[in-house]
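Some structures to go through are shown next.
After this come two complexes, each holding subunit A, first together with subunit B and then together with subunit C.
The block that comes next holds the complex of A and B.
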């Protein structure tokens, strides 16, 4: 089964779309079989057990049993900062 | 000359769902996102826009008779249909949107360069608040240029308010380097500063709080758009004197609207991603070593548990308030969707206190109730000018919203134009 990355933001309207785009592009570039799903923070629960990584666009005051990354650099970071974060995601998802 | 006029008229006659993709593809090429991404983005925005108007048609068909019947039965003055984020359709669909986007980028770069503001206006999506207001000004003055001027003024003031609030957001939400200059959200923070100061000085109220987790467990379901819509639809159906079939039908229609309207808005925003990325990099590269606040969407403020807890309490309270207050002609339904964003902007100031957040926002919503009523005519005229809902508008339909119809800053700017004789 393909791995699942959940990208969570407050409204599911704007901020997470940017991160979703970049992550998906990179995963395709790496040739990895990964599904990227954009959700509301309240909806993360639906993916517990199924997801392999959570990227949160903001502080969410919760913890899960899978790795959790802050996605803010996707919004405001320079190209280099985005690269670092994407590298980290690739590392985590390959494990 | 005549040829140019005919050509312009023909182009405008294509309608916003055709014009906007063309305009956005051009903007994409200007900001060098590449052909493929420019085309895909432009078409996506057009699709989102068309979808948004479809949903608004549904809302009008369902809510106009229901709210009308309810108003007659209860002797209320609620004549306006709440379309809330349909205004994003005005924003990305009015004829001056490209001019507005290029103007605010230019003005903001100059202002940051001259150190008049620290906020770099990179959140392209949130230009929509300024652009919707620009649409209103266009409808009022008949001039695209004045529209752009009004919209840019609004966004400039947003960046100045962001300068005031950025540090607080950064500390509370642990997001260094960001700012949130967008629309009514940042105004909620500015409003909260003196009100919270006052509330802290009222004995008894000072330490009163409610547990956000407790509220979430008990009322959390109401925080889900579809459930909230269903409940509201059923209540409105009952109050309007519908039969059971009608009540349940209306419940599902309002539920559909609450879930699908933001989804359509989300499609528009998706289409803007490539341009946004490119503009962020373009603007950031200009100020490599200076303290700046990079503008991000207000959704980043929604993480704290007190946000949803405050919102579910505010939903019924603000509906009741709108029904009771004399002269308020719009019952907030779709507009409730903006409440969590306001809560996100206020929570850093109340330190997550639910009771204080609710009090601040209940007060904050009152001007929105009146201004949305007062701007309904110009708001409706803007949709008509864009060729949307024209048949219904001719039959007397009037549209309103909190975000942007009720926006206090927007209201002031509109009235400045009125002072100058428009």
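The block that comes next holds the complex of A and C.
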């Protein structure tokens, strides 16, 4: 079964799409079998147990039993900062 | 295809608050037929629940929008404020940001416009480019600059 990265957002269609697309492109580039899915924070419970990594586009006051990263650099980070975050995601999802 | 024209650009906009900025931008899109009349109201309501301010460098920006419902044709509208206007931070709504530049994107379907969104994210992450845009001052120049930078 492929791994699952959830991009959690408050409501945004636009902002989370940017993160989703950058992550998916990198996963394909790495040849990793990973599904990337945009999910509203309100709906995230459905993915607990199934997801392997959460990228949060906003502050959330919850913790999950999988690694959790802040996704804001995808929107406002420099190219280098976006790269660092993608590298970190690759490392975490490979484990 | 993302529509962008001089009537969607506001230079030295004087606004009391974020509602006024959003209403001005959405109004220009409505007049051109790109969005339904209710788009501005929807974006103002959305902004209250899901803020769109971003702590970009060298100054904060905001990225108000509503759902694709009510968007007839994708478009971008831009306001450069005479004096900063408060928007709340998307990542932490308790934080207020003194926003100097607002980009409203009316999005017919986000999947179709991923390239535009990516170009926007590159712009948001580039302090030099944001400064350049901030000080262009003329509507025609801003349109030309954005079309080039965002490959519209």
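The rule is short, and it goes like this: the second predicted complex is superposed on the first by the 94 of 95 C-alpha atoms of A that agree within 3 Å, B and C clash if a C-alpha of one lies under 4 Å from a C-alpha of the other, contacts with A are read in each partner's own complex, and residues count from 1 in each chain.
Here is the rule we use: a residue touches a chain if its C-beta (ideal position, glycine included) is under 8 Å from a C-beta of that chain, and two chains touch if they have at least 3 such contacts.
Not measured: the values here are computed from a predicted model.
Asks: After the overlay on subunit A, what do you see for subunit B versus subunit C, clash or fit?
Replies: Because the two structures are overlaid on the shared chain, the partners are seen to clash.
Asks: So in the superposed three-chain picture, is A:79 touching just subunit B, just subunit C, both, or none of them (first/second/both/neither)?
Replies: After superposition on chain A, A:79 lies in contact with both partners, subunit B and subunit C.
Asks: Going by the contact rule set out at the top, does A:48 touch subunit B (first), subunit C (second), both, or neither?
Replies: Neither partner.
Asks: What is the contact status of A:10 with respect to subunit B (first) and subunit C (second): first, second, both, or neither?
Replies: both
Asks: I'd like to know which partner A:59 touches here: subunit B for first, subunit C for second, both or neither.
Replies: In the superposed model, A:59 contacts both subunit B and subunit C.
Asks: On the A-aligned overlay, A:21 touches which partner chain: subunit B = first, subunit C = second, or both, or neither?
Replies: both
Asks: Subunit A residues touched by both subunit B and subunit C?
Replies: Correct list for subunit A: 10-15, 17-18, 21-22, 57-59, 72, 75-76, 78-79.
Asks: Along subunit C, where are the residues that touch subunit A in the complex?
Replies: Result: residues 46, 49-50, 52, 54-57, 63, 65, 67-68, 90-93, 105, 107, 110-111, 114, 117-118, 120-122, 124-126 of subunit C touch subunit A.
Asks: Quick one: which bits of subunit A touch subunit C in the complex? Just the residue numbers, please.
Replies: Interface residues on the subunit A side: 10-15, 17-18, 21-22, 57-59, 70, 72-79, 81-82.
Asks: Touching subunit B in the complex: which residues of subunit A?
Replies: 9-15, 17-18, 21-22, 41-42, 56-61, 72, 75-76, 78-79
Asks: Help me check something: in the complex, which residues belonging to subunit B touch subunit A?
Replies: My answer: residues 122, 125-126, 173-175, 177-178, 220, 223-224, 262, 265-266, 269-270, 273-274, 276-277, 280-281, 284, 294, 296-297, 299-305, 307-308, 340-341, 344.
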